[in-house]
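Two complexes are shown next, each including subunit A; its partner changes from subunit B in the first to subunit C in the second.
Our next item is the complex of A and B:
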């Protein structure tokens, strides 16, 4: 009977495509918008992801997210190094700086100052040059997006494309000369400014004058050390906040979730996808059931039990759900792949697929429920009414 | 036995056939209070095994309600009704559904073939409901479609067949699981005279083999000659049971063209 139930569905092509379209639309919107949301949220902690060295990030207790730096006294670095269980601790400067480009325009950049001796905290991947070249005078490394766009040089040919920065080019950072010694690639960040890396000691000379300039202390724990206990010891000894990388990522994400309208905007889009998908699917599926009511009544009269009929309807609903979900999620994935390499934040995760799949199941169940109610209430005697 | 049953000569078959359906004092009302419609007012009726009984009468006299009660798709309000000794009112919903699926075949006025399935799949439905696996059900459905002369159309959709052919498919569907009772609701009303005649001929020829019982609701007097007995209903009651249409209508046979 279940095979026949599927044939009844698949052979009613107009209704079948209508129902599948409804589910596909919902699945596509939920998966696509969800993935963009996750992609955007992941960008908020892109810097933390790229810096895989530290076990623990130490910062001012008032810091709310990665870009919310509150400078510390340089002496805090030594206090952290003195905490039992800390294998090593290095400074990291993170701040905004104004770069003057080749065409005379100013461009704000994220400036990262890495520990002079170890260069810990450097970019994840070097496209050109070497990280060690930061030890050369006035040297900086620029990320590839910044180098090829916002910090790129003007083309001498009028109307020609910008010429990407390359090794040997110079920049003016807050009135200081800087020489590009490398081009890097890292995770995209939430902010669209170029990322510029240099040594800590050079960064504090580039940075606007402040009494305190240390942004973070990056801690490597001794092997086997319990990170939770070490965090507590650091906080107790220094009065600073200490987070594992994962905790710092969550702190950052939570800030954006709480204080920006991003979740609401995406939530509305996802909800609309769900509601519209439910309405289209529910209406089309109900209409399909109503069209078949006479035949369902016939089956009922001929000896089909309510349980079998309900299972047939659920099977039909879940079948269109699976097909619609497959097409929708597939289309969202193709969309994401086609947009890779662009500015679009898109990160499709199994959780997003599970959410989208769960939403589709709910949509199908809601659609089937309407139909099941109708079929259960159907008097088989209706078949004798012509 | 009620007085009416006695008047109608119910309870004993002169040919000694066993009872297939036994109804005594069956009452069915629709609605309540002042708007109540008394569809069946104490029906007494017997249907014997191997018999084709036609239920006739004017439109609204309760024919369809009566076969709905006999087929167990409608609950009666009072009285007794048993099919092969089994009373639907003593069964729960699941038992009743199972009994119906096994014991009764249905032929409907508008065929009720599922348009999105092939005719072989339509015919296989009663077998599937009785737990036969799909492959065997389809094979048996194709066999019986051959019996009704549609062996070369097994993979066609119902809408590619004529009305007469569709009704033959419906007959095949009613027979495929070898039920002991077949109820037919106006099986010829959607067909022209010649086709209707052929369909009832087929119905009688094929369905009656195997000692089955047929209850046919009709107002088509052109097929009355196929009946073993004709029960005439009026205003929710069976008022006459006769052996032939002439006994019922006499010379005015062709004038009685009432509805259901």
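Our next item is the complex of A and C:
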């Protein structure tokens, strides 16, 4: 009986194709827009993702997101170290600095000052050079995106491509000489500024003079320590805010969700995909059911129960749903892959797939519901009327 | 048939592809591991601070009492010196030449004293004695003549005028004898005592002058005030050593056994530090290089934290309690001036809060 339902579906090629297209479109739009949205949001906390060694980030209680640094006094570091359960705590400077490039242009960069001795927070992946080379005088590490584009050198041949920064090149950071000793790979930042890493003590000499310069304290908890309790202890002892990496990411994302139009924009795109997909699929499926009404009526006249007929229609709906979803997800992935070398943020997660799958199921259910109503209300005698 | 299954096949392929992408993109980032592991505290309840290693005598910035060019530097960096050993010598040519003058003056004073003391000159006495003898002989001769004249009874033979003339001649001769004897006595008596005293005083004054110059020369030889190690030599022969407080000391020295660590503790944490607390120090850059520290004392005065940026217009917002700990340099291969991460054991949370009696408590305890 169910095989009959599938045969019914596959044999009407035009209708089948139309329904699948509708589902595919919805699935493609939802998956693709969702992935771009997630990718974009993930960029806001890319730094926290990259610096995955610390368990807890300690900062001023008024910090709203990662780039909103409110510096602390240097001694806060030692107060945090004194909290029981803290295995180690190191300083991190994060700020903006103006780099003067080879062609005389100014470029704003994110400057990270890592703890001098441990270099905690340094990039995990090096394209060239070693992280430990930051111990050399005036040394900095630049991320590969910045090195090959915004901070790249001018080509001596007019109109030629830019020459990427490489080890040994010098930069001018806020009137200080800096020597590139390594090229790192990390997450892109939201504003696509080059990331420049150096040691804490050098960062504070590069940075514009301020009274307080300690942006974050990176805490590694003792093994087996309950992070939530440790956070509470740190806050109690120092009066500072302490977040786990995950919480700090959420804090950052929530700030962007709340204060930028990005979620609304993507929400609209996803909703449009959903609505259009539902409409196309729904009408096509309904018209498909109407076309096949005579067969269904015959079956009903032959004594097939309503439940069986409903299951048949649901099976048909789910089949086109699965096929459309598979093609849509695949197409979105291909799109993402083809864009991987560009500025586009694209990050497909299982949640996105689940969301888009869920949306497809809802679309199919809505479409099936219309048809089921028709079939349940069908008088078997109608088919024989001629 | 193929066409029938093309679309489902495409769907399955697309699904697998999407799944693969999900798995790939959810791969964790390569961990950003520290180059060296950070130190961890050995104590459950503790206060952390940054420490700087210094000599147990504190680092002594050797100065000079006078500004002068340097003639000789007697020590090298790293030398172990005893108290009183010469560190460097300033140019003393000026004082040397003055010394020669003063010494000559002393010699002159001494000689004039000696001259006075050795009076009378022996060669002067015989002529004086001879003069006395001569005067006496003259007088006796005249007395004799008077006596002869008096023995003459004949008044014609002797005129009264003649007699009186001779008698007066005797008196004159006697006077001459007295004079000669007095002159001899004066000669024999030698120099006048007050004059000798004056000369002696002059000698002492000249000696004092010599000593003064000698002291001036000594002051230009800079010596080690205590036994210790020379940590820095920033002066070389020919350079001008200025007197007074210098940004870079001429020579930095101190006693290095045991070494001390001066730990800065934030004033907010200061109340948690107890006198005699256990502590552990970790060398920056390698947490395996560590040593147990012994409590020495608190600095009773809480100082403003030294700022990192060095901007002169900076306001101070934190003050730090300085705690001194000591350790045997044999335990830890370190240099004076190196920084350390220090963990100081503190009373457990509950206990310490109930006991706290103001930020002065640590300093009070240290003076007990």
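As a working rule, the second predicted complex is superposed on the first by the 386 of 386 C-alpha atoms of A that agree within 3 Å, B and C clash if a C-alpha of one lies under 4 Å from a C-alpha of the other, contacts with A are read in each partner's own complex, and residues count from 1 in each chain.
As a convention for this text, a contact is a pair of C-beta atoms (placed from the backbone, for glycine too) under 8 Å apart; a residue touches a chain by one contact, two chains touch by 3 or more.
Every value quoted in this text rests on a predicted model; they were computed, and no experiment measured them.
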**OP:** Using the superposition on subunit A, decide if subunit B and subunit C clash or fit.
**Re:** fit
Original post:
More residues of subunit A in touch with subunit C or with subunit B?
Top reply: C
Original post:
Can A:302 be said to touch subunit B (first), subunit C (second), both, or neither?
Top reply: first
**OP:** Return first, second, both or neither, reflecting whether A:191 touches subunit B, subunit C, both chains, or no partner chain.
**Re:** neither
Original post:
If you stack the two complexes on chain A, which partner ends up touching A:12: first (subunit B), second (subunit C), both, or neither?
Top reply: first
**OP:** Would you sort A:166 into first (subunit B), second (subunit C), both or neither based on which partner it touches?
**Re:** neither
Subject >> Minimum Cα separation, subunit C to subunit B, after superposition on A (Å) >> reply: 13
Original post:
Considering each complex separately, which residues of subunit A are in contact with subunit B in the first and with subunit C in the second?
Top reply: 10
**OP:** Please give the residue numbers of subunit A that touch subunit B in the complex, ascending.
**Re:** 1, 3-4, 7-12, 292, 294-295, 298-306, 308, 379-381, 383-386
Original post:
Inside the complex, what are the residues of subunit B that reach subunit A?
Top reply: 64, 67-68, 71, 73-74, 93-94, 97-98, 100-102, 104, 106, 108-110, 112, 114-117, 121, 125-126, 128-130, 134, 185-186, 260
**OP:** Mind listing the subunit A positions that touch subunit C in their complex?
**Re:** 10, 16-17, 20, 31, 49-53, 73-76, 78-82, 84, 86-90, 115-125, 131-132, 187, 201, 204-205, 209-213, 220, 222, 322-334, 336-337, 347-350, 352-353
Original post:
Where on subunit C is subunit A touching in the complex?
Top reply: 4, 7-8, 10-15, 17-19, 21-22, 25-26, 28-41, 44-50, 264-266, 268-269, 272, 284-285, 305, 308-309, 311, 314-315, 317-318, 320, 341, 343, 346, 349
